[in-house]
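Here chain A shows up in two complexes: once beside chain B, once beside chain C.
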Partner chain A sequence: MEDKTPMVDELEKGPWPSYVKELKRAAKKHDSVKDLIKVQERSFQRKMTQWKHGGIVGVKGYGGGVIGRYVQNPEEFPNVAAFHTMRVNHPSGWFYDTKALRTICDIWDKHGSGMTNFHGSTGDIILLGCTTEELQPTFDELSEHGFDLGGSGSDLRSPTACVGPGRCEWACFDTLGLIYDITKTYQMELHRPPYPYKTKIKASGCPNDCVAAIARSDFSLIGTWRDNLRIDQNAVKEYADKKFDIQRLVVAKCPTEAIELVKGKLELTHPEDCVRCMHCINLMPKAIRPGVDTGATILVGAKAPIIHGAVLSTVLIPFIKVQPPYTEIKQLWEKIMEWWDENGKTRERLAELIDRMGMPAFLKAIDVEPCPQMVNTPRANPYFFWG
Partner chain B sequence: MCPTDVGPPDFKTMLPDVIKKNYGKWKYHEILKPGVMKHVAESGDELYTVRAGSPKLVSTDFIRDLCNVADKYCDGHLRFTSRYNPEFLTPKKENVEPIIKELNKLGLPVGGTGSGPGACLSNVIHTQGWIHCHGAASDASGIVKALMDELYDYFVGKKTLPAKTRLSLACCLNMCGAIHASDVAVVGMHTRIPNIDHEKMRAMCEIPTVAASCPTKAIRRHPDPNIKSVVVDETKCMYCGNCFTVCPAMPLANAEGDGVAIFVGGKVSNARKPPMFSRVVVPHLPNNPPRWPEVVNTVKHIFEVYADNARMGERMGEWIQRVGWERFFKLTDLPFPVQLIDDFELARDTFRSTTQFKWT
Partner chain C sequence: MSNDEELKQKVIEWFQKHSKEGHTKFYMKDVVHDLCGQYEKRAIQKAMNDCTVDGTLKYWSTGSSTMFCLPENF
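Presenting the complex of A and B:
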């Protein structure tokens, strides 16, 4: 194959930072990335992937964390004949010191392609492109320096948290602490796929849900509060003085008409109607804050379209206090996993199993009492069981 | 023998001092300008954040570049957002401008902040695409680069949006990154049935597993008992690729047929309206590397119509709910092909049972 890659080169141009420039930087040190650029050009020419399906590879003692990848034409692209991915579990909240990052970079330049994703969609550090022989030495060195693999396959995928109390005044619980604790507790489930399919846990500290827990985690924790939001009238006045249109942008957009401007003061005139949606807080962060009786809503079942269509998580526990050692939350998750593991078919996510067996059967199995917060409306059909 | 199951590093060891001191005790924040935030703690301590754009697919030298900036101005600490943006954290206000200068020198834009009126576009959540995936119906990094070159002004705040806008891309229906609740989602789609490799099937796959993987029961055993393989009912297959995931003998990739669909109006935040799914508004656009002009122009057009028509503070999905889907298609001048009408499970939930329409 000729070495020119005009289509790929085109993407070096333009204002947005270019991944092609990054490929070319890595290619100076790694022959595999020279081939990778040619593979990308070929896929642009043929409008198709140039990678083979799967391949089982891994490191000793683990069933997940490495995704096998082989190129379709190894004779043409010998340096990416085997080009596996390693998922490295990130620290909660994606906080790093530069020493740790430089260590990962050095290990990866020594053993792999020098190309990475910071980060993958689930949250792991993705080390993109390793030969089969170098997998174990890469892992050994990572492990020696305090890093471990993330999830892949039918296991608990690396749990993720929003920035939470690290830098956000809206964190209704310690998302980072909870996710770190859960990740450490369930190392076995994360590294040795035991389940019918993948499963995910994500924690967002407030209803803004910055890690999209409600859209993509089987077990979603989203921060909320039970008392009333806190309003600082002096700060409200500051916003008004700066000609911020409180009436139009905040009051008029309150979804339940719970908040009103009364003689220049912003008041929660109908606290019983507030649904804690975050809108007013988002627009006036200096003046309005969540209440102090904080915790989380636990919702279950979110997943992407495969197989029976995308699902958003639905409410299981409207409110729970989230405090170490998080026993109640872990016990609930374990019960849910046990029911799913026992009843789920291969590649059936939790939501699909709940749909197949019925939400009432699920609630009974995990011993959770039904409550109105679980539904938009009660059923409209007359077909219910008494058995 | 190396230790196993050590787990990720304890995040607490990675926090800068100002965060350790004020952990869980933040009072409020302000966005000083696109990409720059100031958080103030109960203690009065201040923390400045500078957010930069990243292509996500980066070399180790890129990470080292970021480390150099963090060593110089942030006591060796940095973080990444859930949308791949590196963030530089410092208690020193005087460090903000030098950080921005260094980042710009590295070719990195600063921006991507805000959720209310005047918000910037955040970075694009995306998958691997042709750079590394066997099942991709389209590329990822290539289209994202082409899109962000055109939408760059929205990221750096030269152009603003009525509200937070999240653009995402997945190169197949597995949707790593769960992009089905984004304001605008670009999704790689196959449009041809699997091209069955009977030889591979015999060697690599279990026929009952392959048949059971199909959500529409389009796959059955080959009628000729001498052929140990399957056949696909073309009238039932909707190209989801689930069979290919369980069996390498069922590839769907097809240079002519593969392309992307555009979904709009989803969100995950609970602010105002509850979270909602993105909905298909363009069922198919061709793969046209390296710049995907059809995709880029359509997405840019949708952004512009939204920016021109939505009220301040309205997410794309909220705007569409208010004006109605009929007006969305009128305003954007997008056609309404039959593929936009659902015929999968729960389709009936999307049909309208009212005489309420908007005609103008």
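Presenting the complex of A and C:
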């Protein structure tokens, strides 16, 4: 195939950053990237992928962490004949120092194509383009520097947390500590695919849910509080003095009309109606904060497949204190996995299984009492029938 | 032969038998379903994983779901 790639070159135009520019830079160092650009040109010409997938899984002893990728015409593109993806488990909250990042990049430049994706939709560090022979040496060197592979296939995918108390004043529990603990505890489930399909755990420190736990994980913990919002009236006055329209932008937009502006003071007049939407906190962070009796809501059953419709999580435990050693949370997760593993069909996610077998059967199996918070919109429709 | 070794042998025999019938790659659930009358589910899962460590079985994955096969069928 000739070296000209006019269709791929189109993606270099425009004022925004271009991955094609970066590929061309990388191609000066790695022949595999040269071939990769040509493969992409071919896929644009033929309007279909030029990759086969499926096959090799990992390094010795691991059933996940490597996704096999092979080009359809290896004779034409020999440098990307095998172009596997490696998933490296990310640290909780994605906190790195520059030394760690340089280490990963150096290892990858030495063994692979040099191309990375920080971060993939799994949250992992994605190393794109490894030959079969280099998989084990790459893993060995990553291990020497304290990194491990993440999840892929029918296993527990890399547990993921928001930055939590590391950077965020709204974190209602230590998301980083919890996810670190879970990752360490469930190494077997992460590296040896034991389940009917993939499964994910995510932790968000507050209802802003920066890691989209409610939409992207089978088991999610989202920070919340049992008491009331804390309102600093002096700070409220400062907002008002700076002509910030509290009535229009905050009070009028409270979805349950739980807050009111009374004689210049912002008051939580109906605390029982506050649904923790975070709107007022997001707009007036200096004046309004979450309560002090903090913990998490546990939800189950989200998934975001490409073909069928996405499913949002359902509340399972309205409030739980999240403290080490997290025994109650881990026991609950294990019960859920046990039920799913026992009853789930191949490639059936937890949400689909709950839908098929019914919420009452699920709750009975995991020994959780039904409660009003499980009803999606209790005031609008209390008669939601599961299955 | 220890119980673990015996179960691993059963698992390999299962794969040899079923690999002749057209398919070469199987989900863990397929094996567990057939052998769970004789053995504990967890023991079968462990035996399958042990087989991948000693190389008598191999993982095969699409990236989203994982299967097992004999090395000659990889």
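Here is the rule we use: the second predicted complex is superposed on the first by the 370 of 387 C-alpha atoms of A that agree within 3 Å, B and C clash if a C-alpha of one lies under 4 Å from a C-alpha of the other, contacts with A are read in each partner's own complex, and residues count from 1 in each chain.
One rule holds for everything that comes next: a contact is a pair of C-beta atoms (placed from the backbone, for glycine too) under 8 Å apart; a residue touches a chain by one contact, two chains touch by 3 or more.
Bear in mind the structure is a predicted one, so any value in this text is a computation, not a measurement.
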Original post:
Given the touch rule stated above, what does A:Gly223 touch, chain B (first), chain C (second), both, or neither?
Top reply: neither
Original post:
For chain A, which side has the bigger count of touched residues, chain B or chain C?
Top reply: B
**OP:** In the overlay, answer first, second, both or neither for which of chain B and chain C A:Pro196 touches.
**Re:** second
**OP:** Return first, second, both or neither, reflecting whether A:His53 touches chain B, chain C, both chains, or no partner chain.
**Re:** both
Original post:
Which partner does A:Arg347 reach: the first (chain B), the second (chain C), both, or neither?
Top reply: both
Original post:
Is A:Gly64 contacted by the first partner chain B, the second partner chain C, both or neither?
Top reply: second
Original post:
After superposition on the shared chain, which partner residues are touched by A:Gly295: those of chain B (first), chain C (second), both, or neither?
Top reply: neither
**OP:** Tell me which partner A:Asp155 touches in the superposition: chain B (first), chain C (second), both or neither.
**Re:** second
Original post:
Once the two structures are fitted together, what part of chain A is touched by chain B and by chain C alike?
Top reply: 53-54, 60-61, 85, 346-347
**OP:** Can you check the complex and tell me which residues of chain C touch chain A?
**Re:** 27-29, 45, 49, 52-53, 58-66, 74
Original post:
If you look only at chain B, which of its residues touch chain A in the complex?
Top reply: 2-11, 13-15, 19, 23-30, 39, 47, 49, 53-64, 66-67, 70-71, 76-82, 84, 86, 89, 107-109, 115-117, 125-128, 130-136, 139, 141-142, 145-146, 148-149, 152, 155, 170, 173-181, 209, 212-213, 215, 240-242, 244-246, 248, 251, 253-256, 258, 266, 268-273, 275, 277, 287, 289-291, 312-313, 344-346
**OP:** Would you mind writing out the residues of chain A in touch with chain C in their complex?
**Re:** 53-55, 57-58, 60-61, 63-64, 67-68, 85, 152-155, 192-194, 196-198, 346-347
